[in-house]
Every structure is written in C-alpha cells, then in structure tokens.
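Some structures to go through are shown next.
Across the two complexes that follow, chain A remains constant while its partner is chain B and subsequently chain C.
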Partner chain A sequence: MVKEIIVEPITRLEGHGGLRIVIGDDGKVKDAQFNVTSTRFFEKFCEGRYCEHVPRITTRICGICPIPHHLTPTKAVEDAWNVQIPTPALKLRKLLINAKQYSSHLLHFYALAAPDFLVGPFADPALRNIVYVINKMPDVGAMALKMMDFGQKLCAEIGGKSVHPISAIVGGMKKPMDEDVRQKFLKQIPEQVEFTKKTVEIGLKVVEDYWDVIANVGVVPTYYLGMTNNGVHDIYEGDIRIVDLEGKKIDYDVHNYLDALGEHVPAHSYATHMYYKPAGYPDGIYRANCLARINCVDKMATPLADEALKAMRAKIGTDLIHHTFAYHWARLIETVEAIEIVGSLLGDSDICNPDCKTLDIEPREAEGIAITEAPRGLLLYHIWSDADGICKKLNLLVATNHNIAGIEKSLMHVAKQIFEDNALEGLKLPDPWIK
Partner chain B sequence: MTVKVAFMQLSSCWGCHQSLLNAHLGLLQVLPALDIVYWPAVVDFKHDSLVAREDEEIVVGFIEGMIRTKEDLANTKLIRKKSKIIIAFGSCACYGNVPGLANQWPIDEVQMRKFMEVESATTKRIPDQHVPGFEDKVVNVDDVIKVDAFLAGCPPRTEQIVGVVQFLLGQKGFPMNEKSFCEDCVLKESGCLLDNGVLCYGPVTSIGCSLKCTNKGDPCVGCMGPAKNASDKAQKLLDMTKSLDYISSGNKKNLFEFLSLFLNVPLMAGFDLSGDIMMQIKKRGKPDTPLATIPSITTEIATNLLGFLAMHPEFHEISNVCQTCPRIIGKGTMTKVKRDYEGIPNQEDCFIEQGYICVGPITKAGCGGLCIKVNAPCTGCYGQTEWVIDQATRFYKTIKESFNVELSKEEFFIQVKDPIGTFNKFTLASNRDFNLGE
Partner chain C sequence: MKPSFLIESLTSCSGCISTMISLDIFPQFLDKVNLVRCSFMRDENNITENDIALIEGCVSEEKQIDILKNIRSKSKRVIALGTCAAFGGMLALSTVKQAEPISNYIEIDGIIPGCPPPSKLLGNCIIRLLENKDIVLPEKNVCADCEFRTDDIEKKFKRRINAIMPKNYNVDSEIEDKRCFLERGILCLGPITRDGCECKCIKFGLPCDGCMGPIKNDFTSNTINFLSTVNLAKGLRKYKGIFYRYSKPKTKR
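So, the complex of A and B:
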C-alpha cells in the first residue's frame, strides 16, 4: 500500500506551498516534494514599465524582504545605464538593507522558528506560535518585539515605508537622513547590541539543548550559493560564489551568472529549482540563505560576528557546515553583523549629506545585472532596457528558487531518517522551555 | 471574551501580515482578545481544520492576496462560507494589486515567459502535478464573493489594521458611559443643532467630554465613542440620516469625522465598509463583539451613514492623497512630463507642478502620505477615488483643472509612455471592463 503524507499548507512560512512524502509498500520513501502552489509572474508584467519604476513594483514580491527587492533592480538599472551613485547614497542603502536583515532575521528566529524549540516540536499546534511564546515568556517576547520594532522603524525612516519602501531611485536615494533622526536611532544602539547578545545566548542554549538533533538530523551535503565581497561577508555588493561538495570556492562575476546558475522547471512546483550548472541537475543542487553565505565567506565583515563565526566552525568542527538545523545559528551570527554595521553607519554623518543622488543619468538600450543578498538568499535581477528606458524584459532569480531544490533534498533525507531508520526514536530532545 | 478570527492567504507577498506584526508591542494588547483559528503565516492550523469548521463559525475572516490560481478561488469561497464578516485586507484583495498588470496578456503567454523562455531555464515545462493551475486573469475577490469591508493599502498602515481589529473587538478604549452627550449639552434646552438641520451625533455619543464642540456652537462628532443608551434626540438624528441626499458640505465633513472617530477606525478613508456591516454584526447569530451591545438605534444610524458612504463614491473625493499632502500648490508649472530619475524634486512644492507624475489627486487617502515624505511621488496603492475605465484621461483632466499644467492632452499622452503602469498599477484587475489589447 503506497502511503502519502501531505502537509497543507506549510505554516509559518512566507509563501504558499505544501509538502508531499510518498512511502512505498516496502516502507521506503519514494518521493519528497515541496509543492509551491502560487506564482504571480513579475517576470512578465514588468515588461513595458519604466525601468526606474520596476523597483517600486518588485518590492511586492516579498513583504518580509521588500528592501532587497527594491535595491537590486535599482542597481540593475544603474548597471544597464552605467550610472554611478554618490557615496552617501551607497551608505544609506547599506544601512537600509542591514536594518532589514536585522528585523527579518529576528522575525524568523522569534516568530517563525523559536516556537518549535521553545514550546517543543510535538506541542499542540494551537500553542506552537509566537503569540503563545509572548504570553508565556513576556520578557523575552517584549525584547524580541523591541528589536524587530527598531529594525522596522529604521527601515521605515530610510525607506519611507518598512514594507514596500520607495526611497531608492536610479542614481541614488531620494532623500538623505535627517540629523535628528540619525541621533535618535544612534542612541538606541547600545541597548540593541545588548538585546542581540541576549538573543545569541538564547540561541546557544537552544543549540546545546538540541545538539543531538542538529548533529544528526538533516545533515545534507549540497553545494552552496552566496555573495561575497572579495571573500568577505556582504549583503549589498559583491560577486557570486559557489562552494562545492569538497569545500572548493568558485567565484563568478555577476554578469556571467548564466555560466553558473541553471533553472530546472519541475512538474510539481511553480517555484523553479536552481542548481549549479557545471554539475548538472540534480547533482548540482545547492542551498542559499544564511548558512550558505556563512559557508561561502572567508570571514564576516565585523569583529563580533567574525568571532561568532569562528566559534561556530570550531564547535561543529568544520568550515563547511551541512547541518540544516545550523541555519538558525548562522542566522544569529548574521544578526550580530547586521547590528554592528547599522551601529557604525548610524555613527557616520555622511548619511545626512544631501549629495545623495546624481543628475548624470541617461537611459540607453542595454542589459543590466545586479545581485544582493536577501535574508533568505541571493537575489538576482537581469533587466533589458530599451533606448527610452522602458523595461523590455526581466529575469529574476529569487531566494525561493535557490532554496527549493535544496529543501526537497533535505526533506528526502529527513523523511528517510524518520520513516526508514526510525531516527526519531533514539533522539535526545530537551524538556520544552515552555510547558 | 475572545473573538474568532481567521486570515486567508491567497497569492500574495506577506506584507500585510508584516504590517500587522509591525504593531510590535501594540500586539500585546490586541492578540489576547483574538482566537485565531487559521493564519498560516503565523500559526500551525492546517487547511483541513478550516474545512471542518461550521459555516459562519468565524466572526471575522480577513482575506489577504489576490485570486491568481484555482486554489485561490476555492479558498476565497471557503473563507466566505465559514465567516460572518469578510474583510478584504490590503490592496491585493481589494483591487488585485500589481500582479493584475498581467491581465494585459493571455495567460498562456504569461506562463511561457516564466516557465519556458527565461534565460536561465534549462528544463522547460509548464508545471502540472500537484499544483492548482491558474485563472485566465487575476480575478477580483469582490467579483466572486460578497465583501463586507475593504481595507486598502499596500500594505495598509499598521495603525489602520490595529484600528480595524479594535473596531471589530468593539470600541476598545472607549468609556461606553451609560448616558449620552446630550445630557450635559449646553444646547439641551434651546438651540439644539439637530433642530436646525445640523447633523450632531450627541444623542448616540458617550457623555464625559469637556463639551468643547457644542460650547463653540459646533456639532458633536462622536469622539467619545458610543453611549450605552441613546438620548431622546436619537430619533431625530435617525430620521435625518434616512435622507442624506441633499446633505450640505458642512454636514458631509461632520459625517466623515463621526465615522472615523465613533467607529474608532483611524483614517477611515482607507477602510470602506459596505453599508450594512453594522446590521450584519447585529443580525448574524450572536457575534462575540461588544459592537452588538450598543443600542439598536445607534446601529441603525451608523448603518445609514455607512450606506450613504458606500453609495456615493464622489463623497470619498473629499479625501484624496493631496488633502493629506503638505506640499505647496501654485508655485511651479508642469510644462513637460518628467521621469522619476530626472533631477531631484524639491521637498516643498507639489510634484505635479515640478513636472513629475504623482497620482495623489486620483488616489484615496489613508496612507498618511508616506511616499511623499521621502520625496517619492504617489503611485496609487490605496486605490482610485473614482471608478472609471480610463484613469489616464481622468488624471489629465484633474490636474488640468486643479494644478498649473501647460501641456495639451496630446502632448501629455505622447510623453507618458506607460499609461497602464502609471495609472492602473494597483487596480487593473478590478477594472472589469479592461480587455486584452486595449
């Protein structure tokens, strides 16, 4: 008797999809699918739009990470039209994307992931959510909310709106930061750094509690995709890096992305499966997002984060970490880097410099390609402009595409562990923090 | 007492949920009052648990997202069946939002680009296993089911969402005093404004304020919220609300203010209620909201006013984005249409009179002018103040009448190279008369 296990919908997820695991009558896992059941065709309906308006449309791809979806197409148009932006604009954009990284990672850690660890993976589904966590751990809840609030308010201040920002424009930023605003946020940095340290402590406690799970469940070797700035962790500017199964690092200029990245369209998902082209599909399946970035970089960009990365690599005993559950840990290391960068950029009065937009802009018929790192993985925009600066064509590689094949691969791996090897039985799980 | 609510997520971006979560510490006040029975973004209840619920068991069903897939369509009908009140939550559910721009092409062509033609694709096919299939067009939620209230915005502002939730929970924060404003009013004995044809909401409003309005001779606009008991004058007010057709402009202003303050929905313009929502809350079973505990005459008055609002789209025009914009009109002149990348607009003067296209004049207010504050023109995410097929011509007429524009219609349309993306960016799917190839 063939058995199908269906999870519909996947919850605590940005996006729409279900899981489907097929088990044959021999008890073996035959198939594991991640069915993404919706797509909205931004690739198509951006055709005919003003190139400079594309960044005001594509934000709507993702409400959690609209900022990378605002900045990346702006960079792509600048690449096509050969526009250089003033330094204050560059700093503002970096501040904006790091403020987003901070709030998004915290949202992920506290609202999407933590309920599993704090309430326990087998708890009543009615309780396994952030609302319950806030009720049961009000101090931690309030701290988490204050951190997300700081990040989102800073995004709103620079971006105009935290969800679907509008302040970047081809050539720079529409407005510098006001000095009093800069001071207001700068003052909050020491408290935010303290909160971040406490969050890392909670994270490390979870790591210890769930060490058996981290070390034994879902350890799945894949390729990794990330952006690095000459080997250093950077989420605004850099080039494509692939790490292969042996840990070899291969760099690609963004303009050569088609040499590195292939897109397999599966029959069972509207989100396509990206893979490393030279290795073919499915052998070249890679993963993106924080753990992938951490695997790609030689070092983090800031001192505290770099220390945290070294500690993680020492604890797991390798620089190439395939442990799926270590994603949460990697996310916290990036959270540390984000608040360090936010602090240092807020300390720079250049972000208040009115020289934040160039006047030297002329549309031309050309292609532009740009990348950034969205919280959940590399984001690539390839835009074709006509001589009037109208978008003729658009190709988009978004975090979801980069992750889906890797998620399916991990799912298959874990399904076999659970249904074929009964791996859950011997697993050591801690008492939940919240009972 | 908690209220059963559900969030249905159609094809969307999650931004409306993020905007709600952005209430952050404010959530601590709102969440404990909600019994959330379905919200995939945040809680773990699965689809089958929603199917298993009784019809109309849920008090408020929020629909977020647009109908792009066949699954979206089925889920729209499902949540309608399970809920007493349906709120279209955000501009996707209200108007189809930017993905509605795909309605310019046949669905086959749209799918071809994404699955077959993109430069990075290696294996090419249209997915067809365990995926729902697409609707030919992005379909407007309102075309498929009855929607009781529209909360527009991309995303709706956090304060608005919290306001709406508080409204549905029932006047949270209002004193709900026993007696009405009339009891203390200086005009009680003689000179009652209602007797002089002025809409004054004292009869249904809580006592307890400083009486500033009527002391000055102005009508009460309901800022204390509803009273537990309406005064004798309520009947007079009710009668007046039955024939609002020749309403004066002063009364219009009061009416609008009253609905925002009394219903505790901040920036009412972004929250369009169908006229009978108050009655529905009353009629449908025993909803767990204190709104049901206010006097029936009060409900009837509010229903009449909301009905008037729903029937008179021109009424909404008293609140377009321009009316919340601090920029100065009258200093410059549009002589050519500028693209957004050209130059740097100054932050004091109207965008239009600096040559930029800003669709504020034809866009509903409610956003608080957030884009304008960071020097970006409005692109219309709260939806249009008036429903006509040709928004481009309407825009041109409006700016020609109300702003300094020295540009003929012909010149204007030559210079605007993307009229659909400029004037129907968020609303193409709700434009039922839009046909392919136009």
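So, the complex of A and C:
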C-alpha cells in the first residue's frame, strides 16, 4: 500500500509550511515535497507606488526577518537612482542588520532547534519545546532570553519600531543614534559576548553528542549560494557567490544575477525551484542560509568568528560542508560574528553623527538591484523606477525561493536513509540532557 | 487552574507572535498559562478546549475558515491578535490574494490592533486577559498623543496634500520635521487611526500610516469625513490604499 506521511503545520518553523513524503508499495520513497506559501502578491501591489514607499510595505513579508526586507528594497532604489549614502548611515544599517541576525539566530537556536537536541529527538512531543527547556535549564533559559532581548531592543531602537522597522530611507537613515542610547547598549556588550561564548560551548557539546547524526544523516551534496564582500562574510553588502560541487567559487556581480540564478516551476508547488543556471536543473540545485554562506566565504569578518570557522572546517575535515545538521553550527559561527560586529559598531561614535542622510537624490528612470543576507538566505530586490520615482515593476527573490529545491533534495535524501535504509536504527544518540 | 491559551497563525508574517515572544513579561506568561497550541513553539498542536484563543494573521485560504470555526467552538474567548486578524492587514492591498479579518467568519471577543501590536499595549492586554478581564484599548486617535498637534487642526486639513511620505529630495530640515505632517502637505493618517503606539513613526519623522486601524468600527464614515477635509493632489487620488493601507476589507468600497 502506498503510504503518505504528512506533517502540517511544520512546527518550530519561522513561517508556515507543510511537508509530504510518499512511500510506494515497494517501500521506496517516491516523493518528498516541502510546501510553503508564495510571496508573489507583494510584488504585484508594490507596482504603481512611490519607490520610497516600497520599503515600508515589504517589511510585512516576514516578521522574523523584516530588517532585510526593509534595507534591501531601500538599497535597490538607491542603486536605481545612483544615490550614495553617508558613512554613518552605512554603519547604522550594518548595526541594524547584525542586531537582527544576532537575535534571529539565537531565537532559532534556542527556541526552535535546541528542544530537539536537549530534550532529544524521540522525546514526548508535548515536552519538546522551549518552555520545557527553560523550566529544566533555568540558567540557560534566562541567558537565551537576555540575548534575544538585547538584539530585539537594539533593532527596535535603530529601526524605530519593534518588528517592522521604518528608519531606513532612500539616501540614508532617518535618524542617528542618541549618544546615551549608544552607551546603554555598549555597556552590555561584554556580557553579551560572554553569553555568546557560553552558547557556542553548548553548541560544541551538542556537536560532540550528536556527531554520528551530523556525520551520517542528511549529508547532501548541492551547490551553495551566498553573498561575500570580496570573499569575506558580510550580510549587508557584497556580491553573489556560488560554490559548485567541487568547491569551486564563482562570483557574480549582483546586476548579473540572472546569469547565475534560474527558476524552475515544478508541478506540485506554488513556489519555484531555484537552481544554478550554468549547471541546469536539477543538477544545479543549491542551498542558501547560514551553512551556504559559510561554504561561500574565504573567511569571516571578525577574529573570534573566523577562529570558529577554522575549527569547524578542521573538525569536519573539509572547507565544503554538505552536512545538513551542521547548519546549526554554522548559525552559531554567524552569531559570534554578529555580536562582534555589533560591539565594534556600537563602539564607534560615528553612528551618532547627524550626517546620516543625503539630500542629493533625483528619481530617474532606471532599474536597481540589491542584495542582503537575511537569516535564512540571500534576499534580492530588483526594482524598476520611472522618471517620477514610481515603481513600475518589482522582482523579489527571497530565502524561501532559494531554499525550497535544496530542502526537498535533502528531505528526499533523508527520507530514503530513514525509510529505505533504516538509518535511524544504528545511530549513536546521547542520553538527553533534559529528562 | 492555569488558564489555557491557544495561539493560531493564519496568513501572516509571524510578526505578532514574534512581538509577543519578545515581551518582557513573556517568561511569566509561559509560567502562568497552559499553552495548548502554538506551532511556532510547540510540537503538540491539537485544537482543544481552551480559555483564550489568540489568532494572528488574515484569512486567505478556504481551509483556514474551518480551522477558525473549530477554534471558535472550543474557545471561551477569541481575540484577534494584530491588524491582519483584526482588519485584514497590509495583504488586503493585494488584488490577487484574498485577505479578510477573522471577524468576517467568526464572532470575536476583542482585538489587539497594530502591525505589530505595540509592546506596551500588547503586554497590558495579555495581563488583562490573564486576569480574566476584557481588553481595554485607547479610544482616542493618534493626534491626541502627537507632539506636533496644534489646536487649529481644521485648518491643516484644508491644506493641499502632495505626498504620502516626506521626500528627502525636497526639503527635510529640522524645522520642517517639527510641524504637523498635514500642515506640511504630507498625508498623515493620525486623525483616523487609533492611538496606543506612542506615535513611534511620527517621532521618527514619518507620518502615521494607519497600522493600528480605525478607532471605532464605523471606519468608513470616519474616513469619508477625513477625506472630505483633505485636498489630495491629482497624482495621489488614484494611489491604492491611501486611506486604508491596513484595513481595506473593513471599508465598503
């Protein structure tokens, strides 16, 4: 009999989705699908709007990563109109996006992922959640909440509002940071860095505990997509980099994104499957998000994070890591970088400089393309402005687009391992930390 | 007995839940309630009998209607969490996707408006719900709390409105920033929007874009009154969602 496994809603996910695995009479996995809702309608109703109004609308695409959805369209309009922003604005934006990266990654690690490791993958589903983790490990819980809170409060401070920011405008940032606010956050940096180190220790212990899983389940070779700033990890500015199956790195100017990224429309989904165009579909299926970024870069931007990256590459024994479960590890390396960048930018009084916007702005008929890295993957905005600054057309590639094909490919791989090869039976699993 | 809470997410950005998780009182909230469903945080997610259901997001798919009705039948109180659930939200601007407030399908016992709801307001609402009290919302408009408010507000309305946002390629000096937006010829939705946000956008030098939704249910008449007092420049008259950026389905078109 054909067996269908449906998980809907997928829990502890940033967003809404479902998955469906089909197993045939012969016990073979026939299909593995990951379904999410599309964001296409936002592109449509941004048409006909003032270009500078678009970044105030697109934040609503994602309440988990609203900051990239605010900054990227702003950058795209600046690209179209050839606007150069003052340095203080650039620093504020980098601070904003890294503060978000920090809180978002920690939310993912502690609230979404950790229950699987700490309570154990086969624990009672009713207990496998952050509430239980906080009750059983109150010190870790309190630390996690303080870290997320720091990032969120900093975002609200610079963004102007909690969750959906308003502060980036074409030409810079609406307001500089107040000096007393800068001091207030700067004071907390040493504690936050300590917390981050403790979080990495927890992460490394998890890696040791679950090494058998990391090394053997879901090791799926794919291409990778990430942004680098001349090879260095950067989530605010840079160009597109693809890593192929052999680890060869290929760089694309963001304006040539269509040379690199192709869209395939599968029969079962609203959402398109993205692939690396020169390799074709499905060979060129790639993955995005933290592990992909880590695979793309030559080095991290900050010392502690770069050390952590080197340690990871040494432990796994390669610079090209296909281990899906290592995503959590990569996420922690990026968390380290985020707090280091946040610390150094808060230490720079230039973020309080009132010269944070330019008035040298003239709408013109042109196209603009910009990228940032959202926590879950590359975010690209391509905007067409008319001479009056009205948005004629908008094309968006969001992390969800980039990830679906890669997720389905790894889902198929893991489903085969579990249902065809009984891979779970021989796995060495640790005693759960929390019972 | 701890009160039981159910948190459901329809078509949304998860920003309301994200705001809730970030509240200072959230750890205490978790301690004081029995959370029966919240797929963002929990694996076990049956729709069971509960005291309070918080619904985030708008209705945009058939199957969500059944979920809503099921939740209604099992919940003592149902609260619309955020502007999407309360009024349809930003997505309602779409012409290709349906986006409706949950009250189009089920009876509700209150709303917590905002995109997302302001932390202070949300925190206060949660505390009242925990105490088994009704939610209390500000009954004034954003202008009531606005530092740029002046008494001759009627005069400002008669100004010509040329823009929906200050353009910093026009004048955007400090002096300009200290006047009421309507006086500056920039459309501000403060007069028809519920207070409770502490004028965050206005303090950042941006006009209110109405994310808290209307003050009372008679949004349409409020909007028409407001409309009759502003003199929109020609280019703005066709601009979609100019007065109902978050609440289109609530207005009769």
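Keep in mind that, in the parts below, the second predicted complex is superposed on the first by the 430 of 435 C-alpha atoms of A that agree within 3 Å, B and C clash if a C-alpha of one lies under 4 Å from a C-alpha of the other, contacts with A are read in each partner's own complex, and residues count from 1 in each chain.
Here is the rule we go by: a residue touches a chain if its C-beta (ideal position, glycine included) is under 8 Å from a C-beta of that chain, and two chains touch if they have at least 3 such contacts.
Small disclaimer: the values here were computed from a predicted structure and weren't measured.
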Room on chain A for both chain B and chain C (clash or fit): clash
Touched partner set for A:Lys44, first chain B, second chain C, both or neither: both
Partner chain in contact with A:Ala267 - chain B first, chain C second, else both or neither: first
Contacts of A:Leu19 with chain B and chain C, given as first, second, both or neither: neither
Touching partner for A:Lys277 - first (chain B), second (chain C), both, neither: first
Which of chain B and chain C A:Gln33 touches, first, second, both or neither: first
Which of chain B and chain C A:Val131 touches, first, second, both or neither: both
Clashing chain B stretch [against chain C; choices 181-189, 199-207, 217-225 or 343-351]: 343-351
Chain B and chain C contact sites that coincide on chain A, given as residue numbers: 9-16, 37, 40-42, 44-45, 48-50, 52-53, 56-57, 60-64, 66, 107, 111, 125-126, 128-131, 134, 141, 145, 148-149, 152, 156, 160-164, 166-167, 169-171, 174-175, 357, 359, 361, 363
Touching residues on chain A, where the partner in the complex is chain B: 7-16, 18, 20, 33, 35-45, 48-50, 52-53, 56-57, 60-64, 66, 107, 111, 125-126, 128-131, 134-135, 141-142, 145-146, 148-149, 152, 156, 159-164, 166-167, 169-171, 174-175, 257-258, 261-270, 272, 274, 277, 281, 357, 359, 361, 363, 382, 388-390, 395, 397
Complex contact set, residues of chain A against chain C: 9-16, 37, 40-42, 44-45, 48-50, 52-53, 56-57, 60-64, 66, 107, 111, 115, 125-126, 128-131, 134, 141, 145, 148-149, 152, 156, 160-164, 166-167, 169-171, 174-175, 357-359, 361-363
Chain C to chain A touching residues, read off their complex: 9, 11-19, 21-22, 24, 26-27, 30, 35, 39-45, 89-91, 93-97, 115-116, 118-119, 164-165, 167-169, 172, 200-201, 203-206, 209, 239-241
Residue numbers on chain B that touch chain A, as the complex places them: 9-19, 21-22, 24-25, 27-28, 31-32, 36, 40-48, 66, 68-69, 71-72, 97-99, 101-102, 104-105, 109-111, 113-116, 118-125, 127-132, 154-155, 339-345, 347, 370-371, 373-376, 379, 381, 417-418, 420-422, 425
